[in-house]
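Below you'll find the structure, written out as C-alpha cells, and then a few comments.
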C-alpha cells in the first residue's frame, strides 16, 4: 500500500467505526476497548502480538483484519523474513483455502516495502 | 442503504437466483423453499427469527446474508436498541474477527434509518 | 440432562473457570465480565438473547456452548416449539454439518423436559 | 471399526435421531429428507458423492460426519488409494488443523479394512 | 465468464503469485508445489478431484478458490448436471450461508457455458 | 498434564500417525514433513512460532492441536504471563466460542506447571 492507500484505509475504517459508536451501547464499546488493550506491550512485545493477530486473521480469513495487522507489523519493525515465516505457519495450519488471502497479504506488504 | 440501494441489492439477488434456478435440480430448489419456510411466523415471531438469522450470519461472517437480514429486521420493526443488543451478542460470541462485518451491518442500518 | 447432570456440568465448568482465573490477567477477566453482560435484560428480553446465543453456538458448532445455552433457555421458559423453530434456523443456515450438534442439543433438551 | 463398532455407531445415531424427530416440526424433517436425497445416484455415482461428503466433512472438521461417510465410502467400494487421494485434497485445502480428524478418519478406515 | 474474463482472472492470479514467490521462503514454495500435486491424475480422475476441490471451496466459502475450480471443472468436461449434484451436496452440508457463493459459482458457470 | 499424561498423549498421537503413514501416499507424507519444517528455528525463534501455532489452534478451536502446542510452548520456556497474553489475543479475536477450548488450554498448562 502506498502511503495514501494506507491513509484511505485508515480513514474509511475510522468513518465506519464512528457509525458503530453511534448505534452501540456499552457492550460493543467495551469490546472495542478490550480489543485495543490486548495488543499493548506486556510480557510479550507488541511486535509478537501483531504477528499473533496477523496469523489469527489469516487462518480465519478476514481481509480487513489482515490488512490492519500487516500495517501494524510494518510499523513495529517486522522484517520480510519474519513475516514469511509467520505466514508459512498460517498457510500450513489453515490450508490452501487461505492462499487468496496470503496473496493479498503479500501484495499489501510489497506496497509497504516499496514505500519504505 | 437508500431505497434505491435496497432495490438494486434485491434486483441483483433476484437476477442471480434465476441463474441458480436455471441450473439447479430438485435438491437445490427444495433447499431454497426450506430456506424461506424457516423465517415464517410460528411459535416465534418473524422479528425474532430475523434477529436469529442476522446473528447467525454475523458470527459466520457472510456480508450478503447480513445485508439481507438487516433489511428484513428493519421491515419487521426491530429498533436500534434491539439491533445493538443482538449484535453485541454476535460480537462477543464471534470475536473481533466479526468487526469488519459489524461495521458494514451498522452502515447498512444507518442508511435504512436515514431513509425512514 | 437430569438435575444431577446439569449440576455436574455446572460444577466442572466452575472448576475450570477457576483455573482460567488463576492464570488470566485483566484482558481475559474483562472478556468474561463482558460475556455475562450481553445476556442480561434490556431492549431484548433474556429469553430472546439465550435463543440468539444458542443459535450462534449451533452454527459455530460448539457443544459446551450449546449445552450452556440450552439449560439457560429452559430456565427462561423457552417452549419446545420455540426451540424447534430456532434450531431449524440454525440447521438451515449452518447445514447438515450441524446435525451431530443438533442431536446433542435435543438430547439435552429431552433430559431437561423429562426432569420438569 | 469392527462390525460391532459400526453397529453401535449406527444404533446410537438412530436413537438420537428419534429424539430429534420427537421435537422437530416440518422444517427439520424436510431438511433430513433433503439430506438423504443429495447422496442418491444420479449424474454422479454414489461413490463420488460419498467422497464429496467425506472431504466436505474433513475440511469442516466434523468427526461424526466423517465417520458416517467413511463407512458409506467403504460400502460403495472406494479403494484405499482413492481414499488417500481424496483425503490429501482435504488436508491441503483445510490445512494441518484437519490432521487430528485425518488420523481418526484413517483409524476408522483401518478397522473397516481389517474387518473385510 | 467470457474467455477474456477467465484470462484476466488467470493473469491477476499469476501477478499476485509472483509477489508471493518474491517474499516466500522454502515452506510456502513447498506448499504451492504440494497444492498442484494433489489435483493430478491418479487412482481418482482429475475430474473427480476438481469436484472435490470445488465442494471443499464452497463449504469453506472462498470465492477465488471456487472460481478457480469452476474453470478447472469446465476444462475437465464436468456437465451441468454433475455440477448441480455436487453443488447440492455442498449446499446441504454447508447450509444457506453458502448461497451467496453458490450464486457466484453458477454465474461463473453460466458464463463458461455461454462461451462454449 | 502430568508427565505420564503427556507421555500417553504423545504415544497415542504416534500410534495414529503410523496408521496415517500406512495409508498415505506421497502428498500426505509431504504435508507432514512441511508441517514439521515451519516450526523450526529461523528468523523467528521457535518460542514465537509455537505461540503462533497455539493461537491459530485456539481461534480455529482444535483441542488436539492446542494440547500439542501447549506442551511445545512449555518446552520452549514460555512463561505463564506470556501464555496469558497470547491467549487473550486468541480469545478477543475468536470470541466466547473459544472459551471451552481456553479452559482446556489452561487446564493443560496448570498440569504442566504443577509438574515443573
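Should a chain be cited, it is by its letter among A, B, C, D, E and F, assigned in written order, with residues numbered from 1 in that chain.
One rule holds for everything that comes next: a contact is a pair of C-beta atoms (placed from the backbone, for glycine too) under 8 Å apart; a residue touches a chain by one contact, two chains touch by 3 or more.
The shown structure was predicted, so the numbers you read here are calculated from the model rather than taken from an experiment.
Listed here as common contacts of chain D and chain E: A, B, C, F. Distance from the centre of chain B peaks at F, each centre being the average of the chain's Cα atoms. By the residue-number overlap criterion, the interface of chain C with chain E counts as same, with over half of its numbers used by both chains.
Compared on C-beta pairs in contact, E-F and B-E come out with B-E as the pair having more. Distance between chain B and chain C, defined via averaged C-alpha coordinates, is recorded as 23 Å.
Taking the mean of the C-alpha atoms as each chain's centre, chain A and chain B sit 27 Å apart. Measuring from the averaged C-alpha position of chain B to that of chain F gives a distance of 37 Å.
Looking at chain E, one finds that residues 25, 27, 31, 34-35, 38, 42, 56-57, 59-60, 65, 81, 84-85, 88, 91-94, 96-97 touch two or more other chains. Chain A makes touch with chain B in their complex at residues 13, 16-17, 19-20, 22-25, 27-28, 31, 35, 56-57, 60, 62-65.
Contact residues on chain C toward chain D in their complex (touch as defined above): 61, 80-81, 83-85, 87-88, 91-92, 96-97, 99-100, 102-104, 106-107, 109-110. On the chain E side of its complex with chain D, the touching residues are 34-35, 38-39, 42-44, 48-49, 51-53, 55-57, 59-60, 65, 79, 81-82, 84-86, 88-90, 92-94. For chain E in complex with chain C, the touching residues are 59, 91-98. The touching residues of chain A, counted against chain C in their complex, run 25-27, 30-31, 34, 37-38, 42.
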